[in-house]
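Pasting the structures here.
What follows is chain A paired twice: with chain B in the first complex and chain C in the second.
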Partner chain A sequence: MSRSWSIRRACALLPLLPFVLFIAAGVGYTVLQSLGLWISAHSAESYPAGYAVILRSAWFYRSLLYSLWIATVSTLLSVVLGTLLALLLRGLPQRLYPFALMYKIPLILPHVVIGLIVLLGFGRGAALGRLLAAPGSSALVSAYVFKSASFVTLLVYAVLRGFDLRQLETARMLGAGALLSFRALLLPVILPPAATAGVIVFLFSFGAFDLPFLLGASRPAMLAIDVYNRYWYRDLSARPAAMASLVVMFLFSLLFVTVYFRLVRRQKHGIRHV
Partner chain B sequence: MNVAVDKLTKRFGETHVLRDLSLSVSHGEFVSVLGPSGVGKTTLLKILASLENPDSGSVQCGGRNAVLVFQDYVLFPFLTVHQNVAFGLEARRMPQRDIAARVGRLLSHFGLSDKATEYPARLSAGQKQRVALARALAVEPQLLLLDEPLANLDKNLKRDTALYLRRVQREFGITTICVTHDQEEAMAISDRIAVMLDGEIKQLGTPATVYYQPNSVAVARFMGPVSVLPNSLLACRNASLADQSGTCMLRPEQVVLRPSASGSLLVTEVRLLGLYQFCILEAHGVDYEVFTSHPADLQRGQRVEISRVAVAFEKEPVHETI
Partner chain C sequence: MFERSAGPARCPDYLRLAAIAGLFALPVVMLLFYSLSARGQAEPTLRAWRYLFAERRNFLSALASSLSYGFSAVIVAFVSCVLPAKAIARAHGSHTAAIEAVLLTPALLPSISFAIGIHQLFIRAGLVDTWVGVLLILSFVSYPYMLRALIASYESIDPAYEQCARNLGAGALRTFLRVELPFLLPGAAAGGSVVFLVAFSDYFLVFLVGGGIVPAFTSYLVPFIRSADYSIASALSIIFLLVPIGLFVLQDRALTLLLRRRGMSV
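After this line comes the complex of A and B, so read on.
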C-alpha cells in the first residue's frame, strides 16, 4: 500500500518535471561554464574557472554592493509606499474603490515602458534628473518603486480586506491612539504579506536586467549588466567569470529565500496561534 | 451616570434611521433597546459610543467613557487573552504592576485565568464573550454598550448567559444599554425595555409593562403573540387593556376559550404553536385571530365563548417615561 502511495505521489509530481529539468539544465550549464567547461559549442577548448577572476576583481565587489544597495533601497521604498497605499485603499468608501483600482496600472505595464517613462523624467534634460545628485541610481530606484509598490499594494491589500475595521473602533473606545492601534492590530496583519512582497521585490531588483540596462549607471553597473557585458562584449575567456557571477547571484538568492522561510516558519510555530 | 439622549436624528442617504429619538437611562440601570433588524439599534449604540455622529440631537453619556461590545466580540486576534484585557490599560499607560493586578483580578472573576496565554481563535463563543466583557470592564467605563450579546449563543446557553450578564452588570454596578431583536432575551436581562420601531422609541417601561400594557398594537405585536379583540366579544368585560376604540389586547395566557353550545364564536382554524394555540374564530361573518393557552384541546367546528383572566404582572405599577 505504501509503495502504491509512493507511485501515486510520484505521478502527481510528474507535471512539474519539465520545469525541474529546465531549471536544472540551466543551472547545470551555468555551473559548467563558470568552471570553464563547455564554453562554446564550436570549440572543445576549456578555460580557467571564473570564480578566481571575479573574487579578485574590485569591479565585481563594487557591482555586487551597488546591486544590493539598489535592491535594498527599492525594496524598502516599495514596501513602505505600497503598504501605505494599501492602508489608504482599505479606508476608502466602497463606492470609490473602482477608481482606486488605478494602482494596478504599473503592474500591467511592461518594464521597458516604465523604464522609458522614468527616463523621460530623469533624463539629463529632465527636471527631476537635474534636481537629484545621482540621476542613474535615482531613476533606477524610481522605476523599481513605480513598478513594485503596486505589487506590494496588491498583496497587502488582499490581506487587509479581511481585516475587521471594528478592531480599530474598539481600540479607540478603549483609549488607544493611532500608534498603538497600528503596532498592536495592523502591523501583525500587514507584516507577513509585506515581507513576502519585499522578498520578491528585492530578488527581482537584485537580479533584473532590463531596467538597469535602460536606466542604470555603468560604473559600477548592476551585476546583471556586468554579467551581460562580460558574456557578450569580451572574448570567450571572459565567459567563465560572467557565469561565475551568475552562480554567485543564484546562491545569494537561494540563501536569502531560505533564511526568509526559516524565519517565517519559526514565527508561525513559535508565536502565533491564530 | 445618567444617559440622556434627546431628539436624536440620523440619516444614511435617503434612509431615515433615527427620528427624534429620546431616551434616558439612570445610573446602574440595565436597559435593552428592542426592535426588529435594520431599525437603527446599532446606529444608536454607535452614536452612544461616539463611533458615529448624529445629524441632530444631543447625547449626554460621557463620550469616550462608553465601551461597546460588538455582537461578535471583535477580540484582537494577534493578542492573547491577557493582552486583550490589558489593551485599554496599556493605552492609558497604567504602570505594568497595576495592569497585571487588575487583569489578573478580571481573568479570575470571569473564569479565564487558565486561558490567559491563549489566542482568541482557540476560545469558545462563551469564552470570547467573557474576554470581551473583561476587556471592556478593565477600563472601568461609565457606560457599557452591548450589541446583541446573546445572538451568537446556543438557545440553551442564552438563559444562563443572560443571567450571568445581569449578575456581572450588578456586581460592577455599571450602567448598561443593550440592543437586541429578541424579546425573550430583552425580558430576561433588562430593568427596562425600550421598544424601538421605525427609528423611534415607541415605549419604555419594565418588561411586564411593555408586555402586558403595550401602548400600541405595533408594540404589542412586536413583544409577542397578541389577540386584538373588540370588548363586545369578551364575556368578562373588565379588560384593563381596553383602549378608547373599544378593543382589547390580550396575551395568550390571558385568553380563555370556553366550549359552549350557545357560544357566539365558531372555531374555524386551530394550530398548536408549542406553549399556546393560534386559532381563527368567526362571529357575525368577521374572523378574529386569537392566541390562547386555554384550553389545549380546541377542535375545528366547536362553538366557544371567550373571556380573559388577569395575570399577576398586570397589578404592578406602570412606569412610562418616554
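After this line comes the complex of A and C, so read on.
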C-alpha cells in the first residue's frame, strides 16, 4: 500500500473541506472587517482600518495584558496542582482508585456550571470570598484552575501509570534524596505531558468566553469580553477595532498552537490529547 | 508493599482520598445544598425543585434541544472524519503531520477568534437563529476530537485485515462495516463523548448563532446565574451533571454488550 499523498488519498480529506473552508472564511471575514471593508451588509461604505485605533487605545493593551496574565497564572497553577494530584493518584493503592475517579468531575461540568460553583464558593458571605478579597481576577483564576487541573491530571496520570514506582525505591536505596530522585526519575516522565497540557490550558484560559462572561470584572476585561461588547453593543464604526483585536488574538493563539504541535511532534510516542 | 511506601508524600491513603473528595466532590455537594435552600431562610426547602417541576415544559424542551444538537454533532463528526482519519493514519511523511495539525487546530484556537467572522457569514447565508446554524458552528469546533480519536484507532488496525477482506471478495462498504467499524467503535465512543460534551455544554457559540431562538440548556441556566437565583441554578446544574454521566454509563454498557456479542474483548 502506498505511503505518500496520492490524488486518491487527498480526496479522502474532502469531507472535512467544508469545515476548513468555513473557518478560513470566518477568519478571512474578520481580517477584511478589521481593515474596514465589508462592514455593512447593506452598503458598500468602507471605514478606516481598526489597527491604528487599537494601537492608540489604552483598553486594548490593558485587555491583552490582562488576558495574558490571567492565562499565565491559571496555567501555572493548573499544571502544578494537576501534576501533584496525578502523583497523589499514582501513590494510591489500586483498590482505592475507583473512588479517586471523582477528580474527573470538572471535566464533565460545563463552564457555566463551574462559574456557578465559583460564585457560590466566593460569593458575598462565603468564607473563601472573604479570604480572597479581589473578586474578578481570583474568581476567574480559581474557575480556570478548577476546570483545568483535572485535565492536566488526566494527561500526566496516563503517563505516570506506565512508570514503575520501584525505581524510586531503588534510587532511595542507592542513597538518592527525595529531590534528586524527583528530578532524575519523575520529572522527565512528567514534563512532556505537563507541557502539552499547559499549552492547551493556556490557550483555553486566554481566549474563552463563558467563564469571564459570568465571573470577570469589566475593567480590565478579558479580551474576548471586550471584543464581544464592541461587536455586539456598539455601532458599526467600532467594528474594525473589535475585529482588529480579534486578529491579534488569533495570531497570538496561532503562535501557541504552533508551540503545541512542536511539543507533540517531539514526544511522538507520548500521550496526545486532541 | 512498594506501592504503599513509594508515593510522593507519606500520608495515609484515606487522607489523600479525602483531599480529592474535598476538592472535587464537595462542590457537587454544595450544589445540592444550595438547590435545597432559599434566600433568607435557614431550613431546607424544595422551592427550586418545585419551580423546575412546574416549569418542566420549558426546561425539558431546552434540554431536548441541547441533546439533539449534541448528538447530531457526534454524528456529523463521525461521518466527516472517518475517511480523512483513515487517509492520515495510513500515510506517512512530513505532509501528514502538517495536514493533521491544520485539521486539529480549530479545537485549540479560542473559538471567538473565528466564530464572530462565521456569525457574519451566517447572517448573510440566513443561518443565524436556526438549529442548523448552531449544529454547524458546534461541529466546526468539536470535530477535531473525533478526528484525533479515529486516527488513533486506524493506526492500531493492521491494513492486512482490510486487504484480506478485499481478497475474499468484500466490497469497500462491506469491509468498512464488518471489518473496520468494530475496531473503530471504542475510539469513536471516546471521541464522540468529548464531541458531545463540547457541543452540549457550550454557551457562547449557541448564544451567538442561536440568538436565543434555538433553545439550549445553557441559555436556560445562565439567566438564573446572572440574576443570582442560585437555588434554581444549582438544581439545574445537578441535572446538567447527571445527564452526561447517565449517557456515559449507558454508552459503556451498550459498547461492551455489542463487542462481546461479536466475540471481541473490550
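To be clear about the criterion, the second predicted complex is superposed on the first by the 247 of 274 C-alpha atoms of A that agree within 3 Å, B and C clash if a C-alpha of one lies under 4 Å from a C-alpha of the other, contacts with A are read in each partner's own complex, and residues count from 1 in each chain.
Assume a contact is a pair of C-beta atoms (placed from the backbone, for glycine too) under 8 Å apart; a residue touches a chain by one contact, two chains touch by 3 or more.
On a predicted model such as this, the values are computed, not experimentally measured, just so you know.
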**Prompt:** Quick one: chain B and chain C on chain A, clash or fit?
**Reply:** fit
**Message:** According to the stated criteria, A:S57 is in contact with first (chain B), second (chain C), both, or neither; which is it?
**Reply:** neither
**Prompt:** Can A:T196 be said to touch chain B (first), chain C (second), both, or neither?
**Reply:** neither
**Message:** Applying the document's definition of touching, compare chain B and chain C: which contacts more of chain A?
**Reply:** C
**Request:** Could you tell me the angle at the CA centre of chain A between the CA centres of chain B and chain C, given to the nearest 10 degrees?
**Result:** 80
**Message:** Contact-wise, after the overlay, does A:M102 reach chain B, chain C, both or neither (first, second, both, neither)?
**Reply:** second
**Prompt:** What is the contact status of A:P15 with respect to chain B (first) and chain C (second): first, second, both, or neither?
**Reply:** second
**Message:** Which partner chains sit in contact with A:S237 here, chain B, chain C, both or neither? Use first/second/both/neither.
**Reply:** neither
**Asked** Looking at the overlay, does A:T72 come into contact with chain B only (first), chain C only (second), both, or neither?
**Response** neither
**Message:** After the superposition on A, what does A:N229 contact: first (chain B), second (chain C), both or neither?
**Reply:** neither
**Request:** May I ask you to decide whether A:L185 touches chain B, chain C, both, or neither, giving the answer as first, second, both or neither?
**Result:** first
**Request:** Taking the superposition as given, tell me the minimum C-alpha spacing from chain B to chain C, whole angstrom.
**Result:** 5
**Request:** Residue by residue on chain A, keep only those touching chain B in one complex and chain C in the other, then list them.
**Result:** 166, 169, 272-274
**Request:** Write out the stretch or stretches of chain B touching chain A in their complex.
**Result:** 49-51, 64, 66-68, 70, 74, 76-79, 83, 87-88, 90-92, 118-122, 135-136, 139
**Complex interface listing, chain C residues touching chain A** = 2-9, 13, 16-17, 19-21, 23-25, 27-28, 30-31, 34, 79-84, 86-87, 90-93, 95-97, 99, 101-118, 120-121, 123-124, 136, 139-140, 143-145, 147-148, 152, 159, 163, 197, 200-204, 218, 221-222, 225-226, 230, 233-234, 237, 240-241, 244-245
**Complete:** In the complex, chain A touches chain B at residues 164, 166-167, 169-177, 180, 184-185, 188-189, 272-274
**Prompt:** Which residues, counting only chain A, touch chain C once they are in their complex?
**Reply:** 1, 3-5, 9-10, 12-16, 19-20, 22-23, 25-30, 33, 41, 84-85, 87-94, 96, 99-100, 102-103, 105-113, 115-117, 119-121, 123, 146, 150, 165-166, 168-169, 182, 186, 200, 203-204, 206-210, 213-214, 224, 227-228, 231, 242-243, 246, 249-250, 253-254, 256-257, 260-261, 265, 272-274
